[in-house]
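Got some structures for you, see below.
After this come two complexes, each holding subunit A, first together with subunit B and then together with subunit C.
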Partner chain A sequence: MASRDVVRYETPLTRGFRWFSAVFIALYLVWTLLPIFVMFVSSFKDLLEAFKIPAVGDWSGIGVFFDFTPTLKHYRDLFLNLDFSRYMANSLVAAGGSAVISVILGSMAAYSLSRIDFKGKSDLFFWIISTRMAPVVAVMVPLYAIFRSLDLVGTLPGLILAYTTFNLPFAIWILKGFFDNVPYAIEEAQMVDGATRFQAFMAILPLVAPGIGAFIVLCILFAWNDFLFAAIIGSGGAKTLPVATRELVQPQNIQWGSIMAAGVVTTLPMMLLGLVIRRYLVTGLTMGAVKE
Partner chain B sequence: MARVTFRNVWKKYGEFAAVKDLNIDCPDGSFLSILGPSGCGKSSTMRMVAGLEHISAGDILFDDRRINDLAPKDRDVAMVFENYALYPHKSVFENMANPLKLRGQEGARIKDRVTQAAKLLEIGHLLERRPQELSGGQKQRVAIGRAIVREPKLFLFDEPIAHLDAKLRAHMRGEIKHMQRTLGTTMVYVTHDQLEAMSMADQIAVMHEGELQQLGSPREVYNKPVNAWVAGFVGEPAMNFLTCEITNAGGKLMLTHPDFALALKPEQMKCLNGAGTAATVRMGVRPDALAISMTRPAEPAITGKVFVNELLGGDMIVEVELADARIRVKTAPEFAGAPGEACYVTVNRDKWHAFDAVTGKAFF
Partner chain C sequence: MTDTLLSPEPSLRQSEGLFRVRQLLDNVEARPAPSLIAEPAKLNPPPSKAYFFWLMAPAILLLACISLYPFFWMIYMSLHDVEIGSATWNNFENFTRLVTDTRYLKGWTLLFQYSLMCLALQIGIGVFLAVVLNGSRFEKILVTTLLMPMMMAPIVAGLVWYFLYNGTFGWYHWLFQSVGLLDAKSILASPGTAMLGIVLVDVWQWTPLITLITLAGLKRVPQDQLEANMVDGASPLRNFFSITLPNLYPVLLIAVMLRFMDNFRFIDSALVLTGGGPGNATKILPIYLFEVSFKFFKLGRGAAIALTLLVVTIILGMILVKVFDRQQTRKS
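And now, the complex of A and B:
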């Protein structure tokens, strides 16, 4: 593989553009990171300290933000009194379960769509992705009716099924592209070596690992951050973190401290997941294996 | 080891017939090369043997056993792919061990066999590496290693050395042939390179547009091509073709061309029987059956002009311009003719061919 030198020459225009980019990125970072920072810091503050804000234009008063005694009482409250450990487990099971089921079914479907030619294949493929075209809200009412008549409302299996319904088309769509890039010869070699079709399929899975990794992240993110399904289908027995957090907003009492702590608890696992899986997202395993 | 028989084999993709009524018998332990340009059906043929494609009609037999309906894993063949098809996420050792592992061999035996095969192919020091860390030639050896660890009934090689550079290719030709002779395993070797087929095979099956043109030893295919297409495909530099007339001069047949006339030998006349006289034929003559000189020789010669000289080290190819065609002549590198100069080309009267001008079928 030839590495390429990107040749750039300085002109007043590029210099100006570079300054502009730097400023833009700085503003963008403040815009995106500041709310997270406020959330993180506030979750360790007592309610009174959290609402200490300097006057508009008083830049020297910025130190007020950092002037507090850290406390873990919101977190204690969350896990000891508000049962957040159960909601967290619900979120994990719903997101993870749906991801696993979608990957298993999705990879097999994607492999078939990638390898086997049959009548109506492109129509089928289009139909699969078209199920994602309607907004979730549009199908919520019929979906709720179906789930209720099957006694799935308020259960984790019901929530997993709901997420899988929406993740599976996505899995098939993403993974088909990855399977298309795996040369047929590799699984043909497997089959001549003595593998069954299924063994050959299993053998090429490591080659689509980047795709599977990318999909798992997206699938878990979708389920983890989802509010609509969780509020309607999971309500009651299968309450997840976003729904539980929403319930901290009560008419007579908004529990800001706990909300901030819940925000941190909801955000951190996804950040960790992103760090762990990043490796898979960037490795191109097939490189150099097959002569083009 | 097995004898492979193709019996009226067809391969159709929808309406298109990629392989038409193929009949080949490849004896146990022999080296069969399937030769043809791309799209001639040679790869389809091999893939049908491997079980990677269905056989549309006809039968393929291993030792008189019909294998049409067996899955690839039950055919006991080993295949080397054009693009090597190594498993990129596995080490060389794991790649080579794969067929044994899939067949449930025990660890110690696997290690034994792989080490042995690696030694034979001189890749013992590479066993821990991954395919992307290997050069083209090394990858190709690993692919062959994966095929030979198992002692299969049959080797299928699909243009295995097409992507190597010329020098390595020449080297691997010898190695593959030697390996096949040593192991004694039947080999089907698909290639588009006539030199590979000529130099390695016991039998060459020349295919064109899905049809088997000729099946024979390399010598037969080279010296007695059955039609103009085979004659033109086999041999480098390619055969020269000239459209000529057969004329009858008092009971003696002559081959006449605007630039020259050549008397036929009695046995050649016999072969032309039925073609009658005043028939148009295509004369085919290989560059090495022609001789060139700058001075007019005693015997009848074709007069032409030197068009260009190509020095190939030990030989020289001279392209000679006639009135309406160009022919190539192989000669010694000492040939001194400069482009544009008049020259004289004589034909070896035993070593030329006549083909039907319409069907291309060889008279002799």
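And now, the complex of A and C:
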């Protein structure tokens, strides 16, 4: 790029700006990472140690934060006494189930939508996307009434179905963009060679496979992090990690150590998954409107 | 017969014959197999839409069951007094009561106030961060680090911040106090500052998304325009405002719409931080809706509120899709 070769002269103003931006980035990093850091560290602290704090204005007292003997007792407590392994399994089944259903059905629908044109297609599309954008609380009111009459409240299938309300439209919408990028000529060539339509579809699947994989992960992430559906529709029998974490907050005595440990257990897998699909993150989170 | 035998150059004739055979063989190879000629329909079936409709049917049907059917239920419920197992028609009372319901009306005001505060801070910080990070040495690693909060479950984010804001042992509270911004009362405890408290959490979690979107947009700003402008003697600041920013508008618009709708969609962190309090200072509409429906179990009233919320969201969605479309046509 030629633009890189344009010589910029350093003036006091630009130098000042550079310093300012460096400080800004540093401050922003601290502000971003501090809550996560506090969560991690506090989950290893004993109850009283987590409450230690310097006096107001005592800046040299910050070191108190690191003054503790690390303990794993909160994690042990979570998994041995508080049944977190079951909630984790619930989360995994609900999120995974809805992600797989959504992506399988979604890729079929997205493929067809990308290959044919028919009257009312844009209306169908708008309906699909508006399902995804609808406020969770608003959707939940009728869904709760229906699920209650079908005895689906408090069951994993109910929760999977509830998550599918936002994951399926997401999958259709996003994957259509992926199939649009695969030229129809490839399938035509396959079919001229004698492949059936379905075989032709299977033949182009490897081309979109990385995207499909990434969006399964993204669907899992959305469902895993959900709280409202899980709290109302999964309440009782299908308690997931976010709900279980929230329930540790009791008016009388808030178990901060356990809450922080539960937070780590809930957050860590998703952070790792997020890093794995880093490339597709922007596309996914902007519903395909912005590509990196 | 004799003619052939008595030909002066038999060798030539022979080679000619061979050539004919070759030609025939070639012809056979080049032509499709006879069986396929007989049934051309199998080789190249007429493009049928039925196949595609069948392929998309399961998804569309499932989606209809879990979104369209509940939608009609919502309309039905909003017109009735819903008790467990029964529903009685109540003459649009659910809707007429909304007009005089001050908490409902205040819920809208607070929702917009909340969204606008979030957006202003996120756009301001996010765009500045993107401009500063763009092309810097550590861009990749820094952006990846910034992503962390977005992966966190909003409810967990809310809980962690609740801990940090706490009036007796919260580190942020200590910081605010030490700097002199707050007195002994936690930021969430007084009506004047509680809204800022929940806004900060949203800003913390979602500013990176704006930064990411802006970075993607910055990569598409035409470099030659920037260069030409610079040759003409424009300062970097002038360059930013007259070239970079106009080129960013489309992506920023998308970012704004997405965040706006997400503020309508998610209330997880606000729910755990204040639950609408103190008083009703942070009772944004979705929280009010949540209370009406799932705390007092007035499902009919809840459905009426939900319907109004949904309509506004759908209108916002329509605008968003329009923007998407314009974006698509511009690209091609």
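We take it that the second predicted complex is superposed on the first by the 246 of 292 C-alpha atoms of A that agree within 3 Å, B and C clash if a C-alpha of one lies under 4 Å from a C-alpha of the other, contacts with A are read in each partner's own complex, and residues count from 1 in each chain.
Operating definition for what follows: contacts are C-beta pairs under 8 Å (C-beta built on N, C-alpha and C of every residue); 3 or more make two chains touch, one makes a residue touch a chain.
This one's a predicted model, so the numbers in the text were calculated from it and none came from an experiment.
With both complexes placed on chain A, subunit A has more residues touched by C than by the other of subunit B and subunit C. After overlaying the two complexes on the shared chain, residue contacts for A:183 are found with subunit B alone; subunit C is out of touch. When both complexes are overlaid on chain A, the residue A:164 reaches subunit C alone and has no touch with subunit B.
When the two complexes are overlaid on their common chain A, residue A:246 makes contact with subunit C while staying clear of subunit B.
In the superposition on chain A, A:115 contacts subunit C only, with no contact to subunit B. In the superposition on chain A, A:217 makes contact with neither subunit B nor subunit C. Once the two complexes are laid over each other on the shared chain, residue contacts for A:199 go to subunit B alone; subunit C is not touched. In the superposition on chain A, A:152 makes contact with neither subunit B nor subunit C. Looking at the shared chain after the overlay, A:207 reaches subunit B, while subunit C stays out of its contact range.
Residues 191-192, 194, 285-287, 289-292 of subunit A touch subunit B in one complex and subunit C in the other. On the subunit B side of its complex with subunit A, the touching residues are 50-52, 71-73, 77-79, 81-89, 98-99, 102-103, 131-133, 136, 139, 146, 156, 163. Per the touch definition, subunit A reaches subunit C in the complex via residues 1-3, 6, 8, 14, 21, 24-25, 28-29, 31-36, 38-39, 42, 50-54, 56-59, 65, 105-106, 108-109, 111-113, 115-116, 118, 124-131, 133-146, 161-162, 164-165, 168-169, 172, 191-192, 194, 197, 201, 221, 224-228, 232, 241-242, 245-246, 249, 256, 259-260, 262-263, 266-267, 270-271, 273-275, 278, 281-282, 285-287, 289-292. Residues of subunit C touching subunit A in their complex: 43-45, 49, 51-53, 55-56, 58-60, 62-63, 66-71, 73-74, 77, 82, 125, 128-129, 132-133, 142, 144-157, 159-161, 163-164, 168-171, 174, 177-178, 204, 208-209, 212-213, 215-217, 219, 223-224, 226-227, 230, 236, 251, 254-255, 258, 261, 264-268, 271-272, 286, 289-290, 293-294, 299, 302-303, 305-307, 309-310, 313-314, 316-318, 320-321, 324, 327.
Note for the complex: subunit A touches subunit B at residues 183, 185-186, 188-196, 199, 203, 206-207, 285-292.
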